[in-house]
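Take a look at the structures listed below.
Shared between the two complexes below is chain A, which pairs with chain B and chain C, respectively.
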Partner chain A sequence: MTKAKRQPVAISIPDRRDAALTLGPALLVFAFGFLSPLINLAIESLKEFTPGRVGSVENAAATVQNYYELANQAFASVLMTTFWIGGVAAIIGQLVAFPLAYFIVRRISPRMRALTLGFLITLVLSSVLIKTYAIELTFGSVGIFRPLLLTLGFSPNSREYINIVVTAGLVHSIIPVATLTLIGAMQSIDPRLLDAAQSLGAPGWKAHLSITLPLSFPALISSTLVSLTFAISAFVIPMVLGRGRVLFISNVIYTRFSDIANYPSGAAISLVMLAAALAVVAVITFAQAWKVSR
Partner chain B sequence: MSRQSLAARTGDRIAVSLAYGVIGLGLAFLAIPLAITCLMAFDARTYLGPLPPPALSLHWFERLVSQADILTSLRTSLILAVLTTVLSVTVGTAAAVGLARGNFPGKAALTSAFLSPLIVPPVVIGFGLLLFLSKAGITNGMARLLLGHVIVTLPYCIRTSLASLLGSDQRLTEAAMVLGATERQAFWTITLPLMRTGVVTGAIFAFAISIDDVSISLFLSDPSATTLPVTLVSNMRAAFDLTIAAAAVVLIAVTALLIVVLDRVVGFDTVVGQGLFRS
Partner chain C sequence: MLHDMTRRRFLGSAAAAGIAGTMTGFARSAAAGSGNLTAVEWGGDVVEAMKQIAADQNAATFNWVLHQGGAGAILPKIKAVWPNVDYDYVAGWEGSFNSMVKEDWLETINPADVPNLANIPEKIIIRDGKGNIKAVPRAVGGMYFGSRTDTAPIAVKTIDDLLSPDLKGAICWPGPTQSMMLQIVALALHAGGSETNMEPGWKLMKELAKSGNIGRVAITDIDFTNSLTSGETSVGFFAEPGWAAVAKNFPVTRFTKDTNFRAFLYQSGFGVLKNRSNTKATLDFVNFAISPDMNSLYAKVAGEAPLNSKALTPDNLKHLSFTSDEFSSFVYVPDYNVVLEQQDAWSKRWEQDIAPLL
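Up next is the complex of A and B:
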């Protein structure tokens, strides 16, 4: 038997029929449930809106009016709120997640580690609704801490306090995800590097600043950006905790749909939001490529 | 030298207490609101009062199960979650096999296309589907919800199945076929069992995401088909009382159950290794 004749056993898809059978259903779902709606959304965003109608008129004139109308103070402030609160929440989340991840990887017993991981995974998988309700019940304006807030001189109805509650809601969801993301990076840092730095005379905090932090920096960047993507597409958290006074982009889309049925404008805002999300993802991809190239 | 090391030790002590302070505060911030919610759900008072409850009772749970709209939407949610899981796992596993074993140009592009619904904000998916399905003439609430939920859970099922398929040894399948198994026998007896962890993780994710989703369901629900989270959100906005705390206790129990299953079948480390982001 010559070498050339030794064929690998054919376990690749032998014919087109099998490829259609395995990939076909997913392609169908993807094309019908995702791609077509997005394309339709783009078309709808260019349609003229007739007030008092649900949706656009059939064969309505093409217009960029829906985008043009977004260039106003009100929408700019919604964008600002979304990115400002989302950014602050993403950063606070990392400030807690970073030491927590290190603690879980290096400082606790396997038993405690499983317990803490179980708690964090439960938080990730449990409903955003429960977490939002829990935050509102605890810190909200009618919540348990209301008497305490009033004693301390905080007005639970002030815009500033509502901002804080929305940020708290986002941080509550961000910490578990960010911690689980950072654990992966921490696990691949060789603990002997820290020992080496310390045996060479560096104090512990300095060793962490010059070893743990730089080595997990790329993961920290992508964790921050993933948290930011989560925050800027948040919907339930600002809707419930913001009580109509703090609005995120997604809340405006919902209002366009439910209150005034201005679908073309909702579609235009959706595309703006999609562009914002894609921009953040592009930065993540860039950060990861940078991490690989280093 | 000794003064220097004393300074270093003081610095360390400050840094360590700072880190432990942050960790402690962080964990407390995560746990306390949930603990308060669980405690308040058993409050005997008929109104929302300050902590602690003077007496405990199950009357909020009784009120919860006496609400017809809650029970109807719970039923819808459970049926929907089961259908979503079955459909997503079947379609996703098949796609993962096709992506892992197939040889065709554009495989990488197709893989990332299948995963792309993960990066699109759920509200955009929900609103887009609503517009498109209305135009396409699909008005059945359950069908709309099912399509919306499958779209967001399918990427998870494909990703977890694909990961476990690529991580398992292909030569085992080859060996089965060398020993005379047909392609189909090799798939059912070797390849599929090897993918088990990925398929199970995907199924648990799909179920958990479907049963919790608000952003998409709020657009696609109609009077004939409303999910539990959608009913809870509208109740929460109408009147803020403790029936929702009771609902939260039930949902936390369901999630905890899923987590125990996840740990027993797969193990947490596998899940952590694959990352868990979700918006």
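Up next is the complex of A and C:
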């Protein structure tokens, strides 16, 4: 079977005008609200910081020192912690959300589905801070499960345990978002395809692997990207559950800007973080495009 | 109804809304001019004390804004909008005031406008390089080591005891930007250094981080009080309002008059910001707030020792009252300009050398 070749489509002048009129306001808001702060941030990141001052001083000298000083083991370690814990949380989130979304779409009554959707939306809209403290009070160092943890030989004070609690906090917030994202994809899969496969003798697990999974793959990638973006930019969850011992990049950026007022360094870290996040998103997107094109 | 909206009606409504908004703005400006002040205060007992003081006068009404985290966290918020700042006064201490003086954000205080300044010790008043008064002190607080007596696994007697295996996970250590990192200056002093020679302090800090005794790094004062009151940790270094919050319900030992520890005293006070329309009303209120009666009330409610020499120091703050001899034995006054200029370098040092060990 040959693949249809994509042909460029000519757009007429009235269409272009309509497109400009439609997109114009949105582009203007984007340029004003997103691009200009980003440019400002880039300029700030290239200024010299005078210790003891708030932000860069007027006519500060230009420098790349703020980027240069990030080339150390400590910053790499914070970056790795952020992506490692964030990535694990995003994947665990999909492993839970995927079957959950399928179950909600295919296995429960419309009334229960509506109730479940309402519950998931409530979870998305409820305060992250409250959910985080709920986890802390349950699984934290003085949580109600502390005696059980100690009995099982887990030290609630160990770094490994704290990492797990931070991951759990992120997963807790990711699951409702990922499930809602995947529900749309599940609904668009024709259930008769699965029935056909099973009536032709495929076992249930094989039918799911060869039909449900490939057809929902683009949505799964989108959901993973959304979850990963949420996880690596998390601020409150690592701060509270990490007991100040787990540092995410967002926490370091906050410290630079808010506590020691070194705006140039904070700006440089923010841009490095943005570049790293975009690189990960680009790799996943290109990998997906490559797989689809094969 | 929305579907009845014509272009003319929409423009008319928009104009009316614009006029109403402008009038509200004028009304707000007028109110501001007549003594509606916006004040930045710490939360908990400190703002409660200030609210009680404000309730004792009629000249000014208040919008209270609370500090989020350390006092230094207000600086970026001011910088972002300067010179159109929305705050009439900001409660702060040496750490934040020195930064504000460098940025030239603070109004110069004429002693004639704040007559009660005459009862405040001259030595503690913050001035700029030209000798101008730049902040009005109201009380003395302290930052020091202490422990929850009922839950501490061992009786801590020296800083070296912090490394004891018995204290596994039991220490609540201030975050790198809390207390201007005076906690590490305290370690440096113990090991023979100072704020100008921090290497001994960093060495000790590394040992402490490696020991596994730090159960929580407190990023905010709420982290500290939650950690101590929940029993998660039992030993720490924090400012008096934090210890006072814990001491409300649990027995606390403060190492303020102990030769093995050094306490850091700080003044809390008012920084009056420039470019405001109601400076006179702000100064009148500040003067009222440091009067003997109000300063006594502040000390009683907020848990910081009063600075007005005619005010009463409550019994529960005697640990913050030092004779001259005690002052030289137990208290350390660092060079705050050095401390301020080192914050950036120390914070990076924490991230590089200490955070990975926690």
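Miscellaneous remarks
Definition applied: the second predicted complex is superposed on the first by the 238 of 294 C-alpha atoms of A that agree within 3 Å, B and C clash if a C-alpha of one lies under 4 Å from a C-alpha of the other, contacts with A are read in each partner's own complex, and residues count from 1 in each chain.
In the analysis below, a contact is a pair of C-beta atoms (placed from the backbone, for glycine too) under 8 Å apart; a residue touches a chain by one contact, two chains touch by 3 or more.
Predicted model only: the values in this text are computed from it and were never measured.
Touch criterion met: A:V142 reaches chain B and chain C at once.
Of the two partner chains, neither chain B nor chain C is touched by A:G153. Looking at the superposition, the partner that touches the larger set of chain A residues, chain B or chain C, turns out to be B. Shared-chain residue A:S77: touches chain C; no touch with chain B.
When both complexes are overlaid on chain A, the residue A:T255 reaches chain C alone and has no touch with chain B. When both complexes are overlaid on chain A, the residue A:R245 reaches chain C alone and has no touch with chain B. When both complexes are overlaid on chain A, the residue A:Y263 reaches chain B and chain C alike.
By the touch criterion defined above, A:A26 lies against chain B but remains apart from chain C after alignment on the C-alpha atoms of chain A. In the superposition on chain A, the residues of chain A touched by chain B in one structure and by chain C in the other are 55, 140, 142, 239, 257, 263.
By the touch criterion stated above, chain B contacts chain A in their complex at residues 8-9, 11-12, 14-16, 19, 22-23, 25-27, 29-34, 36-37, 40, 48, 50-51, 90-92, 94-95, 97-99, 101-104, 110, 113-114, 116-117, 119-125, 127-135, 147-148, 150-151, 154, 158, 170, 173-174, 177-178, 183, 186, 204-205, 208, 211-212, 214-215, 218-219, 229, 232-233, 236-237, 240, 244-245, 248, 251-252, 255-256, 258-259, 262-263, 268, 271-273, 275-279. Residues 69-70, 72-73, 75-76, 78-79, 98-99, 102-103, 168-169, 173, 175-177, 212, 214-219, 223, 230-232, 337, 340-345, 347-348, 351-353, 355-356, 358 of chain C are the ones that touch chain A when the two sit in their complex. By the touch criterion given at the top, residues 49, 51-55, 69, 72-75, 77-78, 140-142, 155-157, 159, 239, 243-245, 247, 252, 255-263, 265 of chain A touch chain C in their complex.
On the side of chain A, the complex with chain B involves touching residues 8-9, 11-14, 18-19, 21-23, 25-26, 29-30, 32-34, 36-38, 40-41, 44, 55, 95-97, 99-100, 102-103, 114, 117-119, 121-131, 133-140, 142, 144, 146-147, 168, 171-172, 175-177, 180-181, 183-184, 203-206, 208, 226, 229-230, 232-236, 239-240, 250, 253-254, 257, 263, 266-267, 270, 273-274, 277-278, 281.
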